[in-house]
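What follows is a set of structures for review.
You will see two complexes here that share chain A, one where it goes with chain B and one where it goes with chain C.
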Partner chain A sequence: MSDAVIDLDGVDKKYRFFQLSDVTLRVVPGQIAGFVGPNGAGKSTTIRILMGMIRADRGSVRVLGRSMPREQAAAKWDIGFVSEDMRLHTSATVGWHMRFIASIYPGWDAAYADTLLRRFNLHAEQPVKVLSHGERVKAALLLVLARRPRLLLLDEPTTGLDPVARHEILGELMEVVTDERRAILFSSHNTQDVEQISDQITFIDRGRIIDSSDKETFLDRWRRLHLEVASGSLPPTFPGVVDTVVSGRTAIATTRAFTAELPAAYQRAGVTVRQIQRLTLEEIFVANVMNNRGPQ
Partner chain B sequence: MHSGLLISHADPRPMYLQIIEQIRHRIAIGDWQAGQELPSIRALAASTQVSVITVKRAYLELERDGVIVTRQGKGSFVAEHADLGLQLHRRQLDQHLAEAARLGHVLGLATPQMVERLEAAIGAHQRRGSSEEIEDE
Partner chain C sequence: MNRSIVWQVVAKDLFFMRWMIVGAIVAGAGALAVMPQGRVPGYVGAVSLICTLIVLLIFLVMGPIVQERKDKVVLFVLSLPISTTQYTAAKVIANLIAFGVPWLALTIGTFAVVAMSQIPDGVLPFWTAVMGYMFFYYCALLAVGLLSDSAGWHAASIVTGNISVNFLIPFLLARPSLKGNMEGPAAIWSSDILAIVALEFALGIIALGAAFHVRTRKPDFV
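For the complex of A and B:
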């Protein structure tokens, strides 16, 4: 018995020029999960499989305890999905969309919807066609947030937004998980947003999950060590060190498994550790992808 | 409720350390009194827009250091002896200063020269935003 809101296990999906291979992903209630990958890595395909819009070739797909796509009708009452190609009626107003969604979903919270209108600086009378890209994203988010679904699946919700709009949206997402029964999966290639609000982070590249962990572990384990070696010698390599660049007597080692034991091991090998730096999630992501792809 | 805590992305220290230091500071200057209830982890995460896991880690470390106490199902509170950790830091500082004074004497440095050196060290610390860490915290 699993209490996960998302439980993908060994999912494959083959297309002519692209395939998802053995995708496994688990999100539990109360979590924000960041799903990070370059363009074309398979983020949107994975999210569409979760929504039941695409059938996996192999593997198990369970969302809110329901098997997808078979039980998608039941699951979707409690899922809010926002993607880049949102289907809003351009000639209808924001208010028309709000009334439409309210008529379908019994959980619609009209007071919260009005609060979101003000926070997002939107107006019910505005037709969708006069909205900017950022305003359309905010309108689409409003329409799912006010339903208060247990699970939000957001495909690139902050892409192409100005800093103020991004700040507003991240704030609303954090508000969602003040309720520990709710969860969010959002895909992004903006690693700063992911670093800020995610509890769990999964990297995908070329259709494969290349790493997945809680955020604190990611940020703690990846470090860069600035080393000084005796002239003409190379620093030894230790488990977890994914890259060592040597230039003269200076070497920079990047590790994905840092512990206090590592600098001690270098010192014992006669290598001076000058400095130990943390990496941003962006640096971790790039190093992870490059390390996983191997020499080109 | 607004916590008054603010996480900076220009600050090279990890987010959980920024939270720890700001909470310690609020307690040290008496903004948050012994026994006072802290915001819940999820409320503080929402108000700082920082992930729940990060705030949870900060609370766990503050608890381990005896700065706060968490009562199951009731919340987290400023410990009755929250200044113990601060006292420890003060004692450490005094020890380092005593050692510096001793070395200054060995080198024959006059008091103004010692003060100058301390000021230079403080300046250097502020410039690099205490980012360089050789030892893991």
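For the complex of A and C:
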């Protein structure tokens, strides 16, 4: 029996102009999993498959040990879902939504909800229709956080938010996984947010998972090497080097599989390694996507 | 436990539709009140009653069903512990109640006004068929609202529905059993009128049932 809270295996979903292919994803309790991809990569489709809103054409979808979409009603007791495009009832207030959710979930924590209300600078009597985008997202998050679900599925929750709102939301999310039984799947195309809070990162592009690893491994194995080559010659290519740009006697090689052996191999090949740089997650993401797409 | 959530979603929807329900009953009651005041007020009242029900059914389908999907409020409701089938059932139940209560109240009201006024009882079969048609129109529009996100389909359905009422009334008045009995002191429930009423209800229920069946079997709900 798997202890994973999310267990997607070989999931396909075909649309006329888009296809999700062989998506495999596993998230265990205590993890904040970042799900990163460009617009239209398949993040929202994957998350909606996890919520049972979309039926996969093929593959196995299990969330909190339940098969989706068949057991979605039972699974959703312990799932908190927020997406960037989700809207609350505009003719009701934030307080009405809090009472509505509290009436459904016995585990609703009213004291925590009030704390979040203050922390997010929201007011219970505020009608939803007057909330800004950021306030709306914070209200939606409040509604899921205060019922303390075991799994949070967040589809681009920080998109379009100002830095302060993003900071507030990310802070709350990090607090969630201080309880090791809980987990978060957090999709975004903003790598800064993902880098800040995630411990596991999965890249998706054009409907395919292109890489998945824990954050430290990603940051460790991706490096940029500044090389000095003999004029007019090209540096050798080693396994794991995904891109080499040559300009005169200078070359920049990007590798996805850095080890201490790589600089030594360049030295042996007569290439001087001038500098070795770590990449930011954004640079890793872009290099990964471009490498996956191949020559356009 | 999930069954109770379905009813909580029904109650939530009825809460949001409460003013439409009240408004339709008040407007319909006003229309019924002027009906016995003479020939012209009677005509104005009859048209107002039909218009009230048409406005109500359009608002009920286009708001809580279509607009909820368009505005992505559906994502919030579907985040609750209900299945997509239960969600659809809750929407249909709430909407049927929201239309059914004013529709039934105004149908009973029409019978009561006819019984208590100088309006001849001969009009009752005609009004029963008109109210039956309102039920069918509502069910057909709800079926379109459940199945389609296309504004074009919605507009076409509403225009067709509204125009069809203009054909329905002369069609009914041309029925031999109604033609000579509208001014009569007793309601004549002829077989053709009963068949028309039965057909209206049957078609409405079939349209709605078919739409529910198709909607709940769609692989992609959002």
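In the analysis below, the second predicted complex is superposed on the first by the 295 of 296 C-alpha atoms of A that agree within 3 Å, B and C clash if a C-alpha of one lies under 4 Å from a C-alpha of the other, contacts with A are read in each partner's own complex, and residues count from 1 in each chain.
We take it that a residue touches a chain if its C-beta (ideal position, glycine included) is under 8 Å from a C-beta of that chain, and two chains touch if they have at least 3 such contacts.
Since this is a predicted model, take the numbers as computed values, not measurements.
Partners chain B and chain C, once the complexes are superposed on chain A, both fit on it without clashing. Superposition on the shared chain A places chain B and chain C such that, viewed from the Cα centre of chain A, they span 150 degrees in steps of 10. When both complexes are overlaid on chain A, the residue A:K76 reaches chain C alone and has no touch with chain B.
In the overlay built on the shared chain, the residue A:M290 is in contact with neither chain B nor chain C. By the touch criterion stated above, A:T178 is placed in contact with chain B alone, chain C being left untouched.
Applying the stated contact rule after C-alpha superposition, one finds that A:M53 touches chain C and leaves chain B untouched. By the document's definition of touching, of the two partners only chain B reaches A:E216; chain C does not.
Judged by the touch definition given at the top, the superposed model places A:R278 against chain B, while chain C stays out of reach. In the composite built from the two structures, the nearest CA pair linking chain B and chain C is 26 Å apart.
Of the residues of chain A, not a single one touches chain B in one of the two structures and chain C in the other. Residues 48, 51-55, 57, 69, 72-74, 76-77, 79-83, 85-92, 100, 103-104, 140, 144 of chain A are the ones that touch chain C when the two sit in their complex. Touching chain A in their complex are the following residues of chain B: 9, 12, 14-16, 42-43, 45-46, 49-54, 57, 131-136. Of all residues in chain A, only 30-32, 167, 170-171, 174-175, 177-178, 180, 192, 196-200, 214-216, 219, 258-260, 263, 273, 275-278 touch chain B in the complex they form.
Chain contact summary for the complex, chain C toward chain A: residues 2, 5, 8, 12, 16, 71-73, 75-76, 78-84, 86, 219-222.
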